[in-house]
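Okay, so here's the structure we're looking at.
Which chain is which? They are A, B and C, in the order written, and residues in each are numbered from 1.
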Amino acid sequence: MDATFIQQFFNALQLGSLYALIALGYTMVYGVLLLINFAHGDIFMFGAFMGVLGSWVFGWGFVPTLILSMLATALLGVTVERVAYKPLRAASRLSAVITALAVGLLLENGMLALTGADPRKYPDDFFATQVYQIGSVSISTVKLLVIILAFALFVALFLFVRRTKWGMAMRAISYDKFAVPLMGVSQDRIISLTFAIGTGLGAAAGILWGVAYPASLDTYMGMLVGWKAFIAAVVGGIGDIRGAVIGGMILGFVEIFVPYWGQGIGVSSTWRDPVAFALLLIILVIRPTGIFGVARRQKV
Amino acid sequence: MALLEIDNLTHYFGGLRAVGDFNLHLEEGELVGLIGPNGAGKTTVFNLVTGAYKASEGSIRLNGAELVGKPPYVINGMGISRTFQTIRLWNSMTVLDNIKVAHHGRVKYNLLDMFLVLPRYRESEREIEAHAMELLRLFKLERHAHEPARNLPYGEQRRVEIVRAMASQPRLLLLDEPAAGMNPGEIGSLMEFIHWIRDEFKLTIWLIEHQMRLVMNICERIKVLDFGETIAEGTPAEIQNDRKVIEAYLGEEVEGV
Amino acid sequence: MFADLNLRKRWAAVTMPLREQLRRIPTLSYLVGLFAAVVLEQAVGKDFAQNVLDFRRLPRFFGIVDIFEPFGNLDFSGVLAPFFPSPTGLTQTPVQDAGNAIGQLVTDFVNALFYQGPRDPGFFSVFLRVLVYDVVVFVIPTLVVALLVGWLLTHLLRGLPGWLIVALNVAALYTVVALWGGDGGTRELTLVYMGINIMLAVSLNLVNGYMGEFSVGHAGFMAVGAYVSSILTMWFFTDTTIFEGAPLVATDSGVVLVVGFVVALVAGGVAAALAGLLVAFPSFRTRGDYLAIVTLAVNFIVQGVLNNIEVVGGARGLNGVPLWSDLQWVMILTIISVIIIYNLVNSTYGKGIIAIREDEIAADLMGVHTRQVKLVAFLVSSFIAGMAGGLFAHALAYVNPGMFGILKSTEALVMVYLGGMGSISGSVLAAVIFTLLVEALRPLAILKWVVIPLILIFLMLFRPQGLFGFREIKFNLRGGESAAAAQEAGDGTA
């Protein structure tokens, strides 16, 4: 294994972690509401923008800004759910999905209209980068931060969902809406909590994305990334937390290694996206409900 | 050769043996019953015969032609039609359209005929519509023809399902709990109705039913399932006195749901 | 409040006989009325607009394009920019700056409403004058002529076969639109977009409304059609450096060009239908949300592949597509597409599509060859989307992969759900409204994409079935009091 391979491996791990963090937001909401929250990519963008607010306007460092962004974005997520999705819970699922699409458009274009199109980035001292040299492999602290923080959040979320009453209620609700009141927690609260956590994780991904890819901060940054993360969630088996992580990682690795191996055989790096999507499509055709998804067979 | 021959039919859902070693030969014009407690595997047998599920083992033949492995619409076209335990009409479509769509096997035009409304298309549509209306008239449902199926009362919806099953002119009709949800008066007329269908259309009828009065009165032969296995077989009188059958039914609390 | 209610009642009572009359006359009389109005506009419209109403030019598209123009100067970007600054835009006093921006915005807004200078009238002024123009030039003449010819037409149409009446209406509509819109300018272009949007909406409705799937990648098929047809027409008929230089077929013969364009458009449709197979085959095994992802992925793949084919310009796109999609072409193909879909969903075969939506398993067991039916639905839908794409390319003279992204797919979705699932007339109407909305909001620049989603959100909250969910607009084709027409009118006011 040569050095560039290892370096690419870490690049893929970083990108995959970020996709996974975003995919979690899709998957958690889908788990409790069976709703594809198409606005999630733009919520991710909002999180990144809250980072601009914290770092430049308040002059805060990384950690307080991260917390601010996660809290503010969670508030946005819960508000969106209350205002736009909740009234549609009884209506057809499609109405809610269309609404979600519209909310996403509203967020990205509203943000553009209200803040202008000037290019943004975080302050240079926002996260002081160091590069470690291990043999011929160089790894930046940013990469380590992204990977470690993302994994810490996965583990925390996993424990929360498996070990706490709230987490179990969250899982129960996707199987049976009526069982949850029996567990002594209200359905509305569970849904709000789900949105808060999902969008909070999206915000963390937003800030980390801005740190890792400084040139990408604009109001449309969540569009393509969001769709991709969503597809990753589906490939993993939407509704399943492990699935989101695996799906995100697969996507990250494909996107890094297609150009890496491709250049050897004369394939340009711009083939990255179509190849990634084609691969995900193939996975879905082979396993129509994703890697961890359970097929719900219809009874006759 | 019998009309329908089922030999050693077995079906597994994962580890669950839902139907085990099921054998039955139906003669032309017979009226046969299939009974058993809830979850015995009766509906599964119908699903296997109509192609909704592919049998794990065994053989099902209609006039000697193997059915296992054939898709449902082919089996339907070969002359087997059915109703469902819970009503499965196409709810937002009108009653007439429900019947017309069940004529799919008789569509005689191609896409071009359809897009250009060529004579072949019009001829075939006229034929289908006429046949559908005739069926509705025969079953005294014509006044509902243009109502959405979901607007009909429950009992009428059950009848529409039977009419829809008749649309493909089947030789064998499978009725899955036709009396479910009916009161005794309605069950009485249902029994006459089933007899009438068989005589009018020269059909073979095989039905699943929980209402013993109905089964014992109209079926010539009865087969009893429990946990997927056949526990008894015979005339209504034989079945009524069968010890195993009585035992199986004693465990049963709710009827006809 | 009570006075208001009373007034409304009295107004209703006074207008009752008139509305009754308007309901009784056949649709064709309105088209004749419109024809008269269009002739009137061509005779005196310009004079009336410029000399009486003080417009600088003829109101564009019934003035719809003019009314929001006064808001074109509003700049919202100062409101939040101080809080989300770029490194160069950093300010020490964000709250104050935002306050100033809001103050400025309010001033601008008030000015936009009332007056912003002698050359730039305010919104109210434009709106009122547009209203007067439309009522005087279009509404009144149309209604008067319609009433005048209504009785006559009712008698003339009596006894004619239904298909002939439909054909007469279509021909009349065609004439009116061609006469009014064939200006070779913005009117025509807007109508061309409208026709293309109708094709998109109706074809997507086949899959999303009638079949009950959720395709979110319709623009992908459009892209395939656009590229394939453009490549063919450029290669065969234009002088382009991309394909061989000189045209393969150097001809001025109108017949050859017409046949060539038809062949190119059909080839585009066929190619799009082949891409439709990428969705149709997975649909045999999976449906609902998972199929939605498949459509999404196909959209991205098509876009990504086009981005990477250098021969067709890669991300830069194809320049120099011949400008052939005029109003006639678009109208004819739009009408054909609508007829194809209408005939499909009204045939016994095509109603199998609806049966699949309602209960696929029952459809399967009752003799519907569900796979074949799905295949047909996806193929027809993507074929028409591909043709629409071909027309689109030849209306813009330019295509690039970026035009056919999720945003375009979303536009198609908006039209379908605005019009209502499972309603052809709803989709047509929604496509008309949407096209006009986009044109009207054009001066607002990015705000357009704030307003459209807001409309969609309110629509879903208050009328989730869309304008005509699972119903069709009924036309009083023969005239006289038909029960259906009366009932429909009643529904409309409810």
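Assume a contact is a pair of C-beta atoms (placed from the backbone, for glycine too) under 8 Å apart; a residue touches a chain by one contact, two chains touch by 3 or more.
Just so it is clear, the structure is predicted and the values come from calculations on it, not from any experiment.
Chain pair with the most C-beta contact pairs: A-C.
Relative to the centroid of all protein Cα atoms, the closest per-chain Cα centroid is that of C. Subunit B and subunit C have Cα centroids separated by 46 Å. Separating the centre of subunit A from that of subunit C, both taken as means of CA atoms, is a distance of 34 Å. Shown for subunit C are the residues that touch two or more other chains, namely 361, 365. Among the residues of subunit A, those touching two or more other chains are numbered 300. Residue positions 52, 84 of subunit B are each in touch with at least two other chains. Considering their complex, residues 50-52, 71-73, 76-77, 81-82, 84, 88-93, 97, 100-105, 107, 109, 111, 114-115, 117, 121, 124-125, 128, 164-165, 167-168 of subunit B touch subunit C. Here subunit A touches subunit C in the complex through residues 30, 34, 36, 49, 52-53, 56-57, 84, 87-88, 91-92, 94-99, 101-106, 109-121, 123, 223, 227, 230-231, 234, 238, 268, 270-271, 273-274, 277-278, 280-281, 284-285, 288-290, 298, 300, going by the rule given at the top.
On the subunit C side of its complex with subunit B, the touching residues are 339-340, 343-344, 347-352, 354-355, 358-359, 361-370, 376, 380, 470.
The touching residues of subunit C, when paired with subunit A in their complex, are 76-90, 94, 214, 278, 281-282, 285-286, 289-290, 292-294, 296-298, 300-301, 303-305, 307-308, 314-315, 361, 365, 406, 410, 413, 417, 421, 446-447, 449-450, 452-454, 456-457, 460-461, 464.
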